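A, B, C, D and E label the chains in the order they appear, each numbered from 1.
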Amino acid sequence: SPAAHADARKLRVASVKFGTLAWLLETIQAEKLDEKYNVALEIVETATNQSSPVALYGGSADVVVTDWPWALRQRAMGEAVKFAPFSGALGAVVVPADSPIKTFADLKDKKLGVAGSSTDKSWLLLRAHAQKELGADLADYAKPQYGAAPLLTEQLKDGRLDAVLNFWTFTARLEAQGFRRLISMSDVMTSLGVDPQPALVGFIWKEGAQAELLPAINGLLAAAREANELLAKSDAPWERLRPMMKAADDKEFASLKAGYRAGIRDYWSEADMKSAEKIMDILLTAGDAELAGKGTRFDPKAFYAPGA
Amino acid sequence: MLPARKLSPAGATAERLLWTLASLTTLVALWSLAAMISDSRHLPGPMKVLEVLGQESASGALWSNMSITLVRVACAFFLAMLIGTMIGIAIGSYKRADQFFDSWLVLFLNLPALVIIALSYVWLGTTELTAIMAVAINKIPNVAVQMREGARQLSRDLSEMAKLYNFGPWKTLRHVTLPQLAPFAAAAARSGLALVWKIVLVVEALGGHATGVGHQIHAAFGNYDVPTILAYALAFIVVIQIVEFGILQPLQARVMRWRR
Amino acid sequence: MASGNPVRIRVKRKTFPAIGGRDENTVLRDVSFEVSPREFVVLTGPSGCGKSTLLNIVAGLDTDYEGDIDLGAAHPRMTFIFQTPRLLPWRTIRENLMLSLPDGDPRQNNVDAIIDRVGLTEAKNAYPERTSLGMQRRAALARGFIQEPDILLMDEPFVSLDDPTAQGLRELLVDLWNSRPTTVMFVTHDRTEAVMLGTRILRLAAGSASIKADESVRLSPSDRTQRDKVQAELKRIFESTPET
Amino acid sequence: MLPARKLSPAGATAERLLWTLASLTTLVALWSLAAMISDSRHLPGPMKVLEVLGQESASGALWSNMSITLVRVACAFFLAMLIGTMIGIAIGSYKRADQFFDSWLVLFLNLPALVIIALSYVWLGTTELTAIMAVAINKIPNVAVQMREGARQLSRDLSEMAKLYNFGPWKTLRHVTLPQLAPFAAAAARSGLALVWKIVLVVEALGGHATGVGHQIHAAFGNYDVPTILAYALAFIVVIQIVEFGILQPLQARVMRWRR
Amino acid sequence: MASGNPVRIRVKRKTFPAIGGRDENTVLRDVSFEVSPREFVVLTGPSGCGKSTLLNIVAGLDTDYEGDIDLGAAHPRMTFIFQTPRLLPWRTIRENLMLSLPDGDPRQNNVDAIIDRVGLTEAKNAYPERTSLGMQRRAALARGFIQEPDILLMDEPFVSLDDPTAQGLRELLVDLWNSRPTTVMFVTHDRTEAVMLGTRILRLAAGSASIKADESVRLSPSDRTQRDKVQAELKRIFESTPET
């Protein structure tokens, strides 16, 4: 098996080039936290998020990063995987600064870009919020247009879209460029009663390889925690990351930094578990046929916390 | 290499049907075997895929997605074949044009689908037309390159005959040029239909249409849900198989009837 | 050719470039002559001397030569019966004939009659490759004859045909030629045929062909049916300057 | 339609070069103009793209990515052409084989690239061989379909001649069959090279290879970095343009020399 | 054919199916005859009567008929000079000849000599489509002659050639036939040629062709060069049962 390493401390982590995970990993390595926590990280660069599952199942990586609903879905399909939190950073709906859209209700009949697809998690949560706030299905209330995140961003800039629900890095950049946040997903969660807000995105590995990988994974999680502490309170490590963040200016840099910091979470806790179950309920009632149809259900065994 | 005795049309169709069935049965049998041996969820057997197909069909998702995708495929295909053939014949027939436009063709032929799709969407917005245009633009240079090869092989003997007997451009095209290009057109159509379908999948995934087989397949790919991917892929392949058996094969037999 | 101007042919030089291991070769040199309206000129000469090349030039299919061609009228109706049948293989024999005429042209009404005349009644709906070579040649002949051209170019039209069939077709040609004012240029290797049909015989020499002899045929139409008169004239024309 | 006078080989090459240059100059001029008029970040002008190209080339990233991708493209291309041609000739020549395998071909032809890539990686793991295999499998049915059309058109006259003169299978293939298939092979090669390149891009993006042009282009797409996308696409197109001008065109001229 | 067994041809029925608007047509019915070793059989008959079809069957190219063919030996060396040249257009004339023989076969040494003999010395490196039709026919003839076959099938080999060239090639054929024991089946429309060359003349009738006449030619080799003797024999053979 590809996972059979001679050195138990070795861990291959798939990371999108210049993605937020890359920032973390770079900090870990630069601060020698990997050595401190006794893990030999091997970074497997991928071009898109889509290649993560291929990397995991194709055996080129031991750990990939994606969201826990995906992990639950995999478990439902018979592939037991484990999840540990990486980031709780969430996107937002943004509009141009001078947009006539002032409130959420103003989205009526507006062209709303939705990054990803019609089954994107944020979109489903936003619809649940709309149901609660407006008593309407946002898919009919507004005119959603789904698409790849970079394309939607460009279309918003060109005025082809009135508003965009995008991933957090994209919204952070847009805000720095003067776009206005109409509603953040964090607000949506609060409105839906999700508290605390757990990480959605995290490290995922195969349960089957767990026995072998656990020392290294624990090392990674500990290193990540310490690196995040550093990133949260100090500006110095950010200067090192600046080239790979591709920030156009100081404002964008600051915006990205703030966004990342807002997403930092500690190890998975019982409170996170409750919140996650709640989110799962919302997703299933919001009509995620993708999840529901395949018999996906909430499964606490999917979540991992060191020492738990 | 020498063809066997010819059958009556009805007999020929029955025979073709028989062979097709035998062929498909073998394929399904091999597939089942492979699925049984590998016993992995990454290669679901035919029954599993059929089950998913049943679910999707019952929920109506299959039909709506298929019909949307088929319309896009059909429009982009005809557009690309028409324009590509015209370009191909023109540059294949005139050496000057060929020399001049060859580099352009190389450029557009090798421009990654991503570039064309991204630029189309940014310029034209997310509309039905954009999807069709983006696919057609991807496919046109492909058709053109193939038809050009055909146009280069046109019989000079017959062109001269057409000239002397005053066929004029339209008659020459219809009775002299196109019949000679038919095999190239057949190749371009077959490989082209497949290509168009594959690009439509990419466009539907990137361009953010909430519907269509491409959207479903990409969503399923995100979840690594192989049975669903295969179910949708198969549904389309069945349609193509029907087109192949019911339209392309009889047409081809008719068109090639004159050959001894 | 109602105007009555002669066809003027002046080919100073026709050279094929060197391609694929063969040297450049000059096929025609100073081949110039005039053909009067209604003349029936027979061209003969050894295989490969340039007869077909010359007809291609006259027909305007080959424009890469030194010299010029004056057809005597602005747009004479010209027909070329090629050395090979050049039928559209994906159209039946009848379709090939119909297509050779503009849609709705009254001459299309004669198609079936001429098919009968060349003996292809049974095969008229056959595709060319499913007939014998002789039948394809006859179809090509019929296609040419039905045009009723002002200038008729024919390149060995009657080879591959049995004697009675060929004879019937020669008679058909003479009938057509008599019924309409047609200028004919006719290539053949068959001397008897040349003398029987032509009003003038032009012999080309091998190797950078130039005109080797140019003789009028001194036979009346009735003479032409008499074997001994034809033979005598053949001797006079061909044996005065022996071939090769 | 009737080709013009033939030139000497040296003169012909010079003429071709001239036309190609003129053509490329026009293209670049049009591009600059379009970029100037649209004046948008979605269509960077040639200077901007050239600048990025210079940076990437100076950093060495261009060369390492290009060479990796080119090796993958070349291997997959030759593999696909070889196997596809063999399959195409076989099923085009034997009617029974054609009837039997037609459905298989339709299936593999229309299987989305995504399916093949996903399954290949799961089964074979992330290796260089997987990338090449996945691309080749995508392309093989395409070549086969095109060569089959060619094989169906083989001259019976010449086959009979070859049989009577005891050419045997090898000589028949080399001197009778392949020359007749050359135009189809040329079409398959040209459209195929482009297709292989496009699939390699997808494979490099999805397959988890950390290098290659596909990886760069998709990563750049994530940042909507159009100049980088175009720089990498262009670098490959330049390579293909060189292959076209230096290999394909002279080869084709040689192969078609016999035609009058 | 050293064994000396005759070639036995028994074609009960050869029918082409109905395709493309043409009815099913029976081309040959009860055409059975034997050809002794070293015989030179000439086949004649009107265009489209089935001569080429018969040769195709004998050559084994057409197996869809009722009847059987016995070539008299297990694997006689057989050559077919087709009605059209069937040269590989992408190979030069010389390459076409070389390819028709196995690599390294001693007969390949004769290729240049035979090319000279048929008058293609200058064009030997030319591609077929860049030569005249007569030159292509001569190349095809040379390709057939160089095989030194046991059974030689020829379908109107000497059409499209001028008289002196054709005569030279006939002599070449007779030389070959004399120098090696060859059984020849030869299709022609040219009666003089038939009588001059053949030891036996088989005439096929039009329409579901059967054998109409089967006559031996009663001429000695020296007789064959005398025009009047040939004419007399021609009359005897062809005018006893008049054609058509």
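Everything below uses one rule, namely that a residue touches a chain if its C-beta (ideal position, glycine included) is under 8 Å from a C-beta of that chain, and two chains touch if they have at least 3 such contacts.
Nothing here was measured: the structure is a model prediction, and the numbers come from that model.
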Chain whose average C-alpha position is farthest from subunit C's own: A
Going by the touch criterion at the top, tell me which pair is linked by more C-beta contacts: B-E or A-D. A-D
Rounded Å distance between subunit A and subunit B, as computed from the means of their C-alpha atoms: 38
List the centre-to-centre spacing of subunit D and subunit E in whole Å, with centres computed as mean CA coordinates. 48
Just the number, please: Cα centre separation of subunit A and subunit E in whole Å. 84
Can you pull out the residues of subunit C that are in contact with at least two other chains? 19-20, 61, 84, 127, 130
Subunit B: which residues touch two or more other chains? 2, 42, 118, 122, 160, 218, 221, 224, 257-260
For subunit A, residue numbers touching 2 or more other chains are 50, 57, 148, 150-151, 154
Complete list of chain pairs which touch one another: A-B, A-D, B-C, B-D, B-E, C-D, C-E, D-E
Across the complex, what residues on subunit D touch subunit A? 42, 117-118, 121-122, 125-126, 130, 204-208, 210, 214-219, 221-224
Subunit B partner, complex, touching residues on subunit A are 50, 53, 57, 70, 73-74, 77-79, 113-114, 117-119, 144-148, 150-152, 154-155, 158, 160, 289-290, 293-294
Hey, which residues of subunit E end up touching subunit C in the complex? 16, 19-23, 25, 44-48, 52, 83-84, 92, 119, 122-123, 125-127, 130-135, 138, 156, 159-166, 189, 191, 243-244
Please output the residues of subunit B touching subunit C within their complex, sorted ascending. 157-158, 160-161, 163-167, 171, 175-176, 179, 255, 257-260
For a test of understanding, state which residues of subunit B touch subunit D in their complex under the given definition. 1-4, 15-16, 19-20, 22-24, 27, 38, 40, 42-43, 93, 95-96, 99-104, 106-107, 109-115, 118-119, 122-123, 141-142, 145-146, 148-150, 152-154, 156, 159-160, 183-184, 186-188, 190-191, 193-195, 197-198, 201, 217-218, 221, 224, 226, 229-230, 233, 236-237, 240-241, 244, 249, 256, 259-260
